[in-house]
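Just so it is clear, A, B, C, D and E label the chains in written order, and each chain counts residues from 1 on its own.
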Amino acid sequence: MNDSLHLWLIPLFPFAGFLLNGVLGSRLPKWLVTTIALLTPLWSFAIVLSAARGLLGFGATLPSLPFVETCPVGWIDAGALHIGFSFVLDQLSLVMLLVVTGVGLLIHVYSVGYMAHEDGYWRFFSYMNLFMFFMTVLVLAGNALVMFIGWEGVGLASYLLIGFYFQKNSAADAGKKAFIVNRIGDFGFLIGIFLLLANFGTLTFSEIAGKLAAAPAWQGGVLTAIALCLLVGATGKSAQLPLYVWLPDAMEGPTPVSALIHAATMVTAGVYMIARTHAIFDRSPFALGIVAIVGAATALFAATIGLVQNDIKRVLAYSTISQLGYMFLGCGVAAYSAAIFHLMTHAFFKALLFLAAGSVIHALGGEQDLRKMGGLRKKIPVTFWTMTAAVFAIAGFFPFAGFFSKDAILYAAFLHGPGGKLFWFVGVVTALLTSFYMFRLWYLTFLGESRSHDVHPHESPWSMLAPLSILALLSIGGGWIGMGRFGTFLAPVVGMSASEGGSTQLEILLSIVAVAVALLGWLIADRLYRQRPESADNLAAAMPAGYKLLINKYFVDEIYGYTVVKPLLAISQYVLEWVVDVAILGGATWLLAGTAQFAGAILQRWQSGNLRSYAAWLALGAAVVLLFFLLPATLGMHVSGMGR
Amino acid sequence: MTYLNESILTIILLAPLAGAALIVILPDRGKLPAWIGLLTTLVTLGLTLHLPAHFVLSQHGFQFETSRLWIENPAIYYHVGVDGLSLWLVVLAGLLAPIGIVASWNAIQQRRKIFYALFLVQQTAMLGVFLSLDLMLYYGFWELSLVPMAILIAMYGRKDGSKAALKFFLFTFIPSAPLLVAILWLYANTGTFNFADLQILIASGGLPAGPLCWVAFAFLFAFAVKVPVFPLHGWLADTFSEAPVALAMVVAGKLGLYSMLRFHVGLFPVQARALAPWLVALAVIGLLYGACLALVQRDFWRLLAFAALSHLSLITLGIYGLTFTGWDGAIYQILNHGVVDGALFLLLGILEARYGTSQIASYGGLAAKVPQTATLFVITSLAMIGLPMLNGFVGEFLILSSTFTGVNRGWAVAATVGVILGAAYMLWLVQRLFYGPQSPLAAGKPASDLRPGELLILWPLVALMLGMGVAPSIWLATIENRTGPPTLKGSITLPQPSLSLAAPGEGQQ
Amino acid sequence: MHLILFFIFAALCLAGAVNLLLQTHPINSALSLIVVMTSLAVLYLLLGAEFLAAAQVIVYAGAVMVLFTFVIMLLNAGREERTLGSRAARVVGFPAVAAFLALLATVLLKAHGLGRAAMQEGVTSTDDLSAVLFTKLLLPFEVTSVLILIAILGAVALTRHGDGERSASK
Amino acid sequence: MAQPGIPLAWYLMLSAILFSLGVIGFLIKRNLITVFMSIELMLNAVNLSFVTFAHQWHAVKGQIFVFFVMMVAAAEAAVGLAIIIAVFRARATLAVDRIDLMKL
Amino acid sequence: MNPGDMLRILPEVVLTLTGVLIMLADASLPPNAPRRALGWVAALGTTLALWASLWQLSLPAGTAFYSTVETSPFTVFFHVLICGIVLVVLLLSLDSLPAESHHQGEYYALVVLGAVGMCLLTSGIELLVIFIALEISSIATYVLACYRKESGRSPEAAIKYFLLGSFATGFLLYGIALAFGATGTTQIYELSRLLPTAQNHTMVLAAMALMVVGILFKVSAAPFHVWTPDVYEGAPSPVVALMSTAPKAATFALLLRVVYEIFPTLRSSWAPLLWCVAVLSMTVGNVAALRQQNVKRMLAYSSIAHAGYLLAAFAGLGPGGIAAASFYTAAYAAMNVGIFAVVTMVGGYDDQRSMIADYRGLIYRAPLLGGLLIFFLTSLVGIPFTAGFFGKFYAFSAAVGGNAIWLALIGLLNSGLAAAYYLRLAFVTVQPAPDTESFAKVATPTVGVAVAAALLFTVGATLVLGIIPTQALQAAETGAHTLQVPAIDENPAYITVGTQQPR
């Protein structure tokens, strides 16, 4: 069929890969595992590309967007509820798909090298394919419930991949934590779905948008509630305050996983979801405000923690959280295209950062502590140069990709209503911090002298470097599309915000400020870590409280531990199990049984074995029976006598 | 074929009994009883599959019906039949039986004859409960199901079997006393035990309302203990931790929940509605309570017991939400729970058989040693905590969404919280059993992974979980063709979400 | 005349009964019982039951009580032991008997239409008695033979030493 | 006295009192044989009632009943005393209060 | 009297002749000859009697011997029941009595002759006949209870049973005397005709009270049950099997006759009493049984409870009350004789292993006995598809039919409570026995042909009454109709006592 894109094939290929490798992988030769693992996302990518080709005007004409494909058989048909498997391809999902399958494919390739010597090679790739499957389902989803499939599914894949080294308690813990925290977010999403169902009677995004469009005056109220519930879901998946805690721990997984799931794709699902349901958010300024606040706060918050982390992957993790905060900020100021734009560029450079970090770690034989690195520039040059491109991109230097997208968000924030300036200011401060800690990482890793003597770094294999290089190119050039074009492209889906029209003088001015700030961050890092390496420690020593606060990540995990987890366990154990279950309910049962037994004991005493006692009881019984019969009769006579 | 359609239910009921008789007659030599048991249950399963294959979707009411006078006065009929409500439950019962046999294959080392014979009797009793359309016949099977169960728990209990068996028996037997009185009262006032007749007679309003209320309550109470509904779950944990795996997997839920739907809500819709808010509340409390307690259990059977409490409470919520969709979800979830719990029991039973303990703390790091077990366990756990595309989700979603849209948002939200806790305890269990460094126990015992026979039963189950998660319509279509209570029809359906009601903004305009 | 006889023998009856209770030696109790029984025989006579009066003396006072005495002698039963005994008998039994008697007394004393007994009235001849006994009540009469058979069987089975019982088997 | 003789109720009362005394005897006597005698006393009391009622109704049946009761009493005496002998042989006591091997 | 009258007491005649034959044979056999064959003679005679009873169905219902006995489906029902019980008990005794006992002849004769009394008790319609029949059956059981006279317990049981039994007979007799005093007759039909118009209403009431006391004692209903545990514990097990069922069935028949035929008009008086007694019996029986360690004693308490259930059947005055009570008697007999058969085999004639702990692991030592024990216990619990269930079902459905819902509820809750101790025994049976010396020594009881037949009968009866009870129930119903029951009035006066409407 010419007019069919066979969207369902996009997730299906990775799923097939998952099944093949998952079921048979342990028995297949390694090369076959690799082939299956790589070919399946490649096919998906190819399909996406073929679709994109038409859209971008390169090839044959394709059906107009949005293109909807629905499975003829419904999924859940119960009573009045009809939910089908429907996939939607529009500009938004296309961009996401390109990122997901493209970056995903690159990371798969990278993993071939990175994971080459791991035991669960086949297991790793089957999980990766599973992730690709769920992620593409999430992106393509035409209704909220199908999206929820992907939503939960990527959480599952993330859980499995974080816990890949399951023999390590920390890894298993991290996986569990990720899943459960995500589930808390999913709880919000689910409630949101219920609210949608209750208020719209449908979960299909287009129908919801249509119904909203039909009621132009409908604002706030229940829509705010829906939006906030969805936001909870998004904060869970996209590691925003207050549900970000799982992401740093997720670094326990293999590095390609961190790159793919916890940097480039899955964590951006929240942003994607908000963009997808923007019709609802648009009707609730309050909810949007919350989104912006959450985003800005997270951006700043995570950046401060990132300043002092010593684990290379953790720095990147906090930077991811911070960057996701930007995206949320973008959504919060209704600049969805900007947010998606940043999402895309971020996918390039953050994947690159992680992969490069992975390469570093690979080179150092598993070392992740920044304090034990240094002087790697010469030893692993390709890694160094690609990483450098990424650092510049994330720091927001012109003309790297990050510059364009971050700038678009900051500009949109600046223009956004009363709080906009504040958001912008927070964004700029975050940019400063980002620049600082990224260069700190850069310095500590590559420059200076090696601080560890017993390692012999070596450059990574080709399979790892090739993806690095491609991503480096994208990090450099990915932003050149320009916000204007990108915004126009996405406009049919997410609309156009005021800031996305084109560049103005103000925007240029703001850009200059941003670049200046980034430069400032570099300079500070340069001063602290290149010129006077000891001064950083001095600074930390000078502000022990602050440093302690930061290095311990504001004690958030501990706070959660003491306010949520421990009380829950304690209440379950002591109040519910011991008091309610054992003492009250068990006690009640025991009491009933005990009463019966006690009564039994009393009645046994009755059986004294003494004949005369027995006779006494018989006599009593006889007297009672006699009384029983005679008394009513006597009374009756008396009464009737009275009657007479 | 017509003849078969008429007698198929009788054959289904008799098949396990025949197997039991065969086991009793033949000598107790080696695995002979187990083989006969397996064969019988497989045949029974095959027979039950006849039902969905020949179930006429377009035809309303009971199908495959047979009705014969059994006892003249009082008029008790041997009256059996299935509708959408019981159809898949029968198949489920048929499916769980071979699983139970496989679970017992190596766990039961001695006195196999008694075990398998009683197991098959239990099977008949359970099928009988699902099939009976005469209240006395139903009650007969209902009580009969207790005996083999209790005896086997007493015989094969892990530590103090007879105590647990007694607890189980009394907990379920004593509440059935009011149930019998209620049934007798109905008979005394209507002169029939026939389900359909009673449904009409009760709906007609000819019976005095006050006593009817108590009658309905007696029904409910008996079922609620059997399910169990919080706070009547006292027997559950002990039974789970003592009962042989094959029995534990059939003991909770199904019978009670089915009975609630058929005989409480089905017969007494008005009274059920009056009590529904309370039950919804209890169900949600039980859901959260079970989940919380499951978090802190040290023994995996007890953990599973409280998890079951939590899940069964969810189904109860679906039933007493009194919405059409909720019932769909509830019935579907009963099936899911059966499949998932069956697999979990089987897996944990295998672990216990190989490692000799059910203390979670003794385990750890098993995944490297028994990867297949770990994989299947994780998949089953995921199905249990309601991951989309696996079966648990569909039921959960239907129940929760119908509760949210049609019953009460607060309770629905609270119930959803319980679902999250479900993920917590299950994943924690997975982690403590399979992940982390290997425990001394795990390292010390050269235990093997799953055997072919076990795989042969587990993979189809997993496939079923997936199938039921992806294509629930296959089941839901039949489930919806059930005979609802006459008065409830039309009065309660899924509250059609209407924009005009839900969107105040539009109203203001 | 009737009145005097009634009072004398009723008093004898009661005295005998009370003495039966008060005596601690079984043989004394047995003698007291014989007093009661013979007094009752006189009362039967007063009520016109000649045959019964005779039977009472022969069967009861004679046969039955002889049996009792015989057993007392056989077992060499001595005075009653002063055992602590039963509290229930006192606490429960006596009030119960009192209530029982009181209730019966109300019934009997308030009963309507009860006649009076005079010496010459309603003497039943043995003829009348046997006429009924061997026609209308033939069956009970015959059945009594089974009863007596059983009594004999039982007495034999119980008192005969189990010579072939256990010792023989061992 | 308007009528000759005495009221039958007196006989009946005598019977009731004798019966009660028999019951009391059962309660207070400590020797199996005397306990058994108390029962005989009760039966005799009932017999008096029967004879009285027979007089009241001029019914022979009452007297025949008494006759049968006597026979039954005789049979009972035979069996009862045999049992008492058996008890004495097994336990070497006739004290009622010691016959309490089985209780609770 | 006409010759046809003999046909109306044919079973009794057959039994009597059998008894006499056994006595004669016993006397004429050499002292050391085995007397086991006499048991078979007794069994044969009982079978003949059973057949004779069934044959009596072909006679038109009617009376004989100047209206002192009658033959009706009601009497036939109980005759068959009693003969059946006696037959099974005889079979049981055949294998459980010590083979070398010299008293076997007397034993069988006593059982058979006792059965004459029991049979006559159900068919007598003249209080004199009933009194004598009662004494026959009682004296026979007194003697049988004492049968293991060399042990200390058996004579104790007998003396307790005997003295208390006679004591209670005194009350019954006094009641009869008062009834006679109120009407001048002792023929049941005349009584029921005359009583409503009797001058002395209170005397009638007192008569009824005392008669009921005497009968309730015999059926061991609370509070007249105190003798039961001691007697059951001490008496030999086969005898307990007999006396917990056959005389009890006969006395229940008598109770039915007394309350429904003699005092039907006083229903408003006796129904509440029986209501109370029923509730008290089941509760006392079940609760006291909970802590019992001795199996026979436990079953004694259980029989008290079952008497309560049985009373509940007609205390509620439902339309099927009499039939339900009759049926229950049969059902109870089937399972109780069965369980006592098992107890006899396990415990031995000497009751050496009668504690619950002795039953540990029984099912592994003796699978058949263990399985049957569990089966009978299940039936006693009242699990469907056994006689116990349908007995209970009919009893309580009669109660509910009579609007005595509370009675039914209490009864069924009680049966739930009862499950606790029945199952305790059942579960002990399936527990693996410890490998200690004392358990190793326990001999595995051997099941002979006679006992096997007895067990087969009881199992069969329990199953038949549980699965296809229609015929038995029809028999019970036909019997109930022939009992002269005036129509149950619509609004019984007891309703305020028995049945507070649940609110």
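One rule holds for everything that comes next: contacts are C-beta pairs under 8 Å (C-beta built on N, C-alpha and C of every residue); 3 or more make two chains touch, one makes a residue touch a chain.
In this text the structure is predicted, and so the values were computed from the model without any measurement.
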- Chain nearest the overall C-alpha centroid of the shown protein atoms: B
- For the chain pair with the highest number of C-beta contact pairs, give its two chain identifiers. C-D
- Go ahead and note the Å separation of the Cα centroids belonging to chain A and chain D. 96
- Message: Distance between chain C and chain E based on Cα centroids, please, to the nearest Å.
- Response: 29
- Provide the C-alpha centroid distance between chain C and chain D, rounded to the nearest whole angstrom. 4
- Task: Any chance you could list the residues of chain C touching two or more other chains?
- Result: 85-86, 89-90, 93, 97, 100, 103-104, 106-108, 111, 137, 140, 144, 147, 150-151, 154, 158
- Note on the structure: Shared-interface residues of chain B (touching two or more other chains) are none
- Taking each residue of chain A in turn, which ones touch at least two of the other chains? 604, 607-613, 615-617, 619-620, 622, 624, 626, 630, 634
- Query: Looking at the whole structure, which two-chain pairs count as touching?
  - Reply: A-B, A-C, A-D, A-E, B-E, C-D, C-E, D-E
- Message: Give the list of chain D residues in touch with chain A in this complex.
- Response: 23, 26-28, 35, 96-97, 99-104
- Task: Quick one: which bits of chain E touch chain B in the complex? Just the residue numbers, please.
- Result: 318, 320, 363-364, 374, 378, 381-385, 389, 393, 396-397, 400-401, 403, 405, 408-409, 412-413, 415-417, 419-420, 423-424, 426-428, 430-431, 469-470, 473-474, 477, 501-503
- Item | chain A contact footprint on chain C (complex, rising order) | 85-93, 95-97, 99-100, 103-104, 106-107
- As the complex stands, chain C meets chain E at residues 103-104, 106-108, 110-113, 135-140, 143-144, 146-147, 149-151, 153-154, 156-158, 160, 162-166, 168-169
- Item | For the chain D and chain E complex, residues of the former touching the latter | 12, 19, 22-23, 26, 32, 35-36, 39, 42-43, 45-46, 49-50, 52-54, 56-57, 59, 61-62, 64-65, 68-69, 72, 75-76, 79-80, 82-84, 86-87, 89-91, 99, 101-103
